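Shared chain: subunit A. Partners: subunit B in the first complex, subunit C in the second.
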Partner chain A sequence: MMILKLAWKNIWRNKRRTFITLSAIAFAVLFAVMMRSMQEGLEEQMVKTSVENSLGYIQVHTKGYWDDRLLENGMTVSDLPIQSIKDLDNVTIVDSKLETGMITNFGTQSRGTYVLSYDIEKNLPKQVSKKLVDGKLPQNGKKEVILGIDLADYLDAKIGDTLVFLGSGYQGATAVGLYVISGLLDFHIPELNRSTTYMSLSSLQELLGAEDLVTSLMIELEKPSKLNETATNIKSVVGSDYEVMTWEELTPDLKQLIQASSAKGYIMNFILYMIISFVMFGTVLMATQERKYEMGVLQAIGMKKRSSMLLVCIENIIISIMGVILGVVAASPIAYYFYNHPLELQGDSAKAMLEMGVDPIIPFSINPMIAVNHGLIVLVISLVLVIYPLLVIKNLNPVSAMKL
Partner chain B sequence: MKTIIKIAWRNVWRNKLRSGVVFTSVVLGIWAGLFVLAISFGMLEQQKRGMLESQLSHIQIHPNNYLEDVKLNHQFSDSQIKQIETVLSTNKDVVNYSKRSISEGTGTTAHGFSNLKIIGVTPEIEKQVTSIHNRIIKGSYFTKYKNRPVLIGRQLADQLHLEVGKTINISFQDKDRNFIEAGFKVEGIFGTPSQSFDKSNVFIKTEDFTNLIASQNPYIHEYAININASEKSTEVSNLITSEIKDATAQNWAVIAPELSFMNETSEASLMVILIIIVFALTFGIVNTMLMAILERKRELGMMLCVGMNKKKVFLMIVIETLFLALAATPIGLLISWGSITYFGKIGINLDSVGDALYKAGYDSMVFPEVESSAYINITVMIIIASLIASIIPARKALKYNPAEAVRAV
Partner chain C sequence: MKKIIFIAITFIVFGFTVTVPNADEIIKKSETRLKGKTSYSEIKITTIRPKYTREMTVKTWTKGTDYSVTLILSPAKDEGTVFLKRKNEIWNYIPSIDRLVKMPPSMLSQSWMGTDIKNDDLLENSSLVDDYNKKIVATEEIEGYPCYKIELTPKEDVNSIWGQITMWISKADYMQMKVKYYDEDKELVNTFYGRSVKLIGGLKMPTENSIVPANKKGNKTKILTTKRQINIEVNDNIFTTQYMKRLN
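This part shows the complex of A and B:
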């Protein structure tokens, strides 16, 4: 008990030393959290861009649809427990969706396109209205489509032109229809711009001769971090006739892209931690040197080595914990600031990111787990470093330590 | 001044532990900065080289009307072909070249469809120019099937559930704009470093291409040219453009601007990482020196007492740090150079995420490499950082009251 008290007093006795050690730990946490926030922010952004553009966080289809995307593997809307899914925790939007591949033709030019349904009343999926660069969204009840700008370019078609759509409809019927272009979309992703067409769900169902048919339910989440939990809940609601897939299963590519960027991130983190550990070690080392005299005196007046080792240990634990907390507290507002005001890229690099389908910004993540994880890592490092002063005390000769 | 330098020099050697910490900080900082740069740069360079070898080559020539509007009948005329081939065979920078027929079309199987760029090549010649034949994962390179073989990318194979020996229906328009559809047998599946390339490009034989578009003569839309030094690509492409009519030669940077942009994108996040590293390092030095000043309170107080003025004490501390930084720099550079060269040769294996890296357009082995100018930049950056780092503790030392400081223990 006395040692605890002594440790507490020691911490406040030499405020400057305490402050320096404290700040070393706090800054270590700050640097690690900043770096990881940036890396995770970029990853989250990749997911968000891709998920918002085409996928939704979770999709429900008839079992087998994802492997064999045929209209015959579609679902009947009235059979689906849409309302029960909507009532689930964390689910914000349930959007029913019909999509199929068709050939579109204008004049002498033809091209394959993915035709997707668009919910005019609910204005879903949301990104469609956001990516509209010219013209307007399709009107209810009219035979209108909006399509990617590169696709329109290839067809030499512009707003107001009538396109022929041609393909196989539901259960082998031939589907042919004429639709007027009402607007153009720019997704900033060349692949989508080249191949995507949107029309209203009812128009598409009519074209394919498939009333009441959808191919998937797209589900948006309030908290993307609770992805798997929500997916399990949905599974129990829809039963075993349907497959419930998260974006990680829907686009393994994206998952892998993120893993790849993490792989690079780990190397960077490893290097940063080498520096951080060394900075912390340097500080502990100098602090120990400075206290040799004091430790010598303590031992000379009869304090056991074990007690003074315990003393240093306790002091270090208190300072480490305070430092980590301070670091987390300092990092949070900075990460929060860059989350709201992401670093914006300019010029050519911005263009390159747009090409890859990512907004040209470097956002920061505010995932609280980053601060917790890296706070703990720094805490562990700083506790491991206590070994050094302990060794010094163990080998300390009071007489020589007190000589200046 | 001479005395101060002398004292500073002795101080460096007197407390070897403290000097060691600052010294190591600087070494570590230089190494970390350079190594991080080398890994990023190495990954990008590899990706670029992969793209150039497997698809782009150094220079491509297209007809001007094809560049404006990608259409089947915007091909090279016979006189253009003659002219281009004369120019290419007389230019001594040109190593080899291949000509390609290109059409936009669609590939269909029972499992879906995909928009494709259909490239007609002459296998024996294409083999010399691009490295697709080295990147065949399954199957072979135009040796097995006589009747309409096709090479497809790994991504496309996954998407359309295709395997070697299976059939893909490819449709496009012929020269009279009639729709044609033909079954092609998958002979090989290739994997280049680029996911999007693997998804949308297929290779067929020029003769099949010509037959399908109902033509007697091949339609040529593209010349892909390798030259002996990629730095000369701008110069050579300009020269070729000036010598031919109604066609333009472009180097890879013009054809695939994303390759050069990519450098800048990753540079932005790299800058943030470098800044964090330099900050961490500066902070480490500040901390160590601050602690050192604390520990040396008595010594510094003594110096002030025996008549050394504050300016000189300040100077002494700065010079001490400078000594350490200057001594550490060559060691840091040597270690960096050594480790980058070593790993540049044997590579860092990221196999556990290898597939992920491939999908993202990288190879699974990373070979760090760095431009020589980076050595200078990083070194200057670290030395400046450590100098700034020495000023803060030195200023602190000025605030000591000599009478009190001598009595400090």
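This part shows the complex of A and C:
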């Protein structure tokens, strides 16, 4: 107990020394947390954009649809246990989706487009109304469409113009219809801006001659981390006639991209920790050398080596914990700020991200586990570094230590 | 004696070259015989899918390989729809909305009217006669007709959608009895079967044809020729976009 008191007093005795060690640890935590926060934020962003824009976290289709995306492999809405899926834990939204490739034509220009259904009443998928940059969403009962700005640009069509949609409907029937452009969408993703058209589910079903038909159910989750668990639950609800796929299965490319980015992140983190370790070791080294005289005196007046080793240990633990807490406290508001005000990329890196279909912004992650994990790692490093002063004390000769 | 041997050798070599027909010639004869300068046909197309079957009847006029026009007669929903091929373009007239649509290049690899025929096949951008190297590899019997089995590989500078085509062409009448289409990786994509050879419009040809995609189980398109005339008088106006609405 006395040693604990002594350690506490020692810490505040030389405030400058304590401050140097403390700030080394705090900055280490700050940098590690910021870096990881940015990396995880980027990964989350990649998943989020892709999942929100087109996929949903989990999709349900008729078995075989994903490999052979024909309307004939679609599902009848009334056969689906939509309510039971909605009632499952962690499921927030179940969106019925119908999608198919068609030709759209205006004047002399024609272009292939991907036509997706939009639920007017429920305003689903949500990003449609968010990405609307001009005009209005389609109205119920009207033959209206909204489409990507680049597609409209290519067709040389404006809001109010009538487009021809032409393609293969249900069971090979010809699908053809005229639709008025009611609004334009900007996804910030060239690929989507060039190719996407939305019309109301009922309009699209009518166009394709397929009443009550959908191609997939898109399921949004409250906690994306419980992805596989929820998928298993959905599987047991829908039965074996349907396939239940998570976004990881729907876009293995994205999954791999994230794994690669993660691996890169770990290497960067490892390098950062090497640097942090040396900086911290530097401060420990100086602090130890500085206190050799003091330790020599303590031993000369009868303090046992074991006691003074314990003393240094306790001092170090207290400073480390304080440093880690300080670092986390400093990092949190910064991470939170960049979570709300994401970094916007410019130039080539922005372009590269757009091509991958991801918004060129980096919101920081505010996953509390990042702070906990990296705080602990820094704590462990500083505790490992205590070995140095312990060794010094162990081999200390009081007489030579007191000779200045 | 030497002279005799020399003559004998020349004779054998010469004789050999005349008895083995040239693969280029066979393909050329087969193509010109089938298409003529102009042609008119009435065709019934049946699309067979695991979950449904769909029938369609069409009339089609062709002029050389550059021009063709196809009018759909049934089903009722598609009646009056016209497809016009002009060199590298495909135009589609849709009577229900009274619009003329040019097929965008991105849709060329898509299926034509839900069949196993692709829009690309209608265009026939590459010519079997000019753009392929040909080699007779065997003689085989197909549907009771002795056939030359000919392998066609696209010439180096030709942009073909096929990596290889194998054709079985009958020795008599140069009829295309069977054709296998392979992609760049030499994977089989489609097989064309010619069946039920009949004399139609003065021409002996298989009238019940089918296209079977290799990797889709239960899919097939049957093409039944009910009427065919070649080298008839065809008004050039018929191959213009202006004429498409009046074709019905």
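By our rule, the second predicted complex is superposed on the first by the 336 of 404 C-alpha atoms of A that agree within 3 Å, B and C clash if a C-alpha of one lies under 4 Å from a C-alpha of the other, contacts with A are read in each partner's own complex, and residues count from 1 in each chain.
By definition in this document, a contact is a pair of C-beta atoms (placed from the backbone, for glycine too) under 8 Å apart; a residue touches a chain by one contact, two chains touch by 3 or more.
Just so it is clear, the model here is predicted, and its values are computed rather than measured.
*Asks:* Could you say whether A:Q171 touches subunit B, subunit C, both of them, or neither, answering first, second, both or neither?
*Replies:* It touches subunit C, and subunit B stays clear.
*Asks:* Touching A:Y179, do we find subunit B (first), subunit C (second), both, or neither?
*Replies:* A:Y179 sits against neither subunit B nor subunit C.
*Asks:* According to the stated criteria, A:L272 is in contact with first (subunit B), second (subunit C), both, or neither; which is it?
*Replies:* Only subunit B; A:L272 stays clear of subunit C.
*Asks:* I'd like to know which partner A:G101 touches here: subunit B for first, subunit C for second, both or neither.
*Replies:* both
*Asks:* Output check: A:S110 vs subunit B and subunit C. Expected answer is one of first, second, both, neither. What do you get?
*Replies:* In the superposition, A:S110 contacts both subunit B and subunit C.
*Asks:* In the superposed model, does subunit B or subunit C contact more residues of subunit A?
*Replies:* Tallying touched residues of subunit A, the top partner is B.
*Asks:* Looking at the overlay, does A:R194 come into contact with subunit B only (first), subunit C only (second), both, or neither?
*Replies:* first
*Asks:* Just subunit B (first), just subunit C (second), both, or neither: which does A:Y65 touch?
*Replies:* neither
*Asks:* Pick out the shared contact residues on subunit A: the ones touching subunit B in one complex and subunit C in the other.
*Replies:* Comparing the two interfaces on subunit A, one with subunit B and one with subunit C, the shared residues are 68, 101, 103, 108, 110-112.
*Asks:* Per the contact definition, I'd like the list of subunit B residues that touch subunit A in the complex.
*Replies:* Subunit B residues touching subunit A: 17-18, 21-22, 24-25, 28-29, 32, 35-36, 39-40, 43, 70, 104, 106, 110-115, 161, 173, 177, 179, 195-196, 199-200, 257-258, 260-262, 264-265, 267-269, 272-273, 276-277, 279-281, 283-284, 287-288, 290-292, 294-295, 298, 348, 350, 353, 355-357, 359-360, 362, 409.
*Asks:* Could you pull out which subunit C residues touch subunit A in their complex?
*Replies:* Touching subunit A from subunit C are residues 47, 49-52, 54, 75, 77-78, 81, 92, 94, 96-97, 99, 101-104, 106-107, 110-111, 113-115, 216.
*Asks:* Enumerate the contact residues on subunit A facing subunit B in the complex.
*Replies:* Answer in residue numbers: 16-17, 20, 23-24, 27-28, 31, 34-35, 38, 42, 67-69, 101, 103, 108, 110-112, 154, 191, 194-195, 253, 255-257, 259-264, 267-268, 271-272, 274-276, 278-279, 281-283, 285-287, 289-290, 293-294, 343, 345, 347-349, 351-353, 355-356, 362, 404.
*Asks:* Taking the touch rule as given, give the residues of subunit A at its contact with subunit C in the complex, in rising order.
*Replies:* 68, 72, 101, 103, 105, 108, 110-112, 164, 166, 168, 171-174, 176-178
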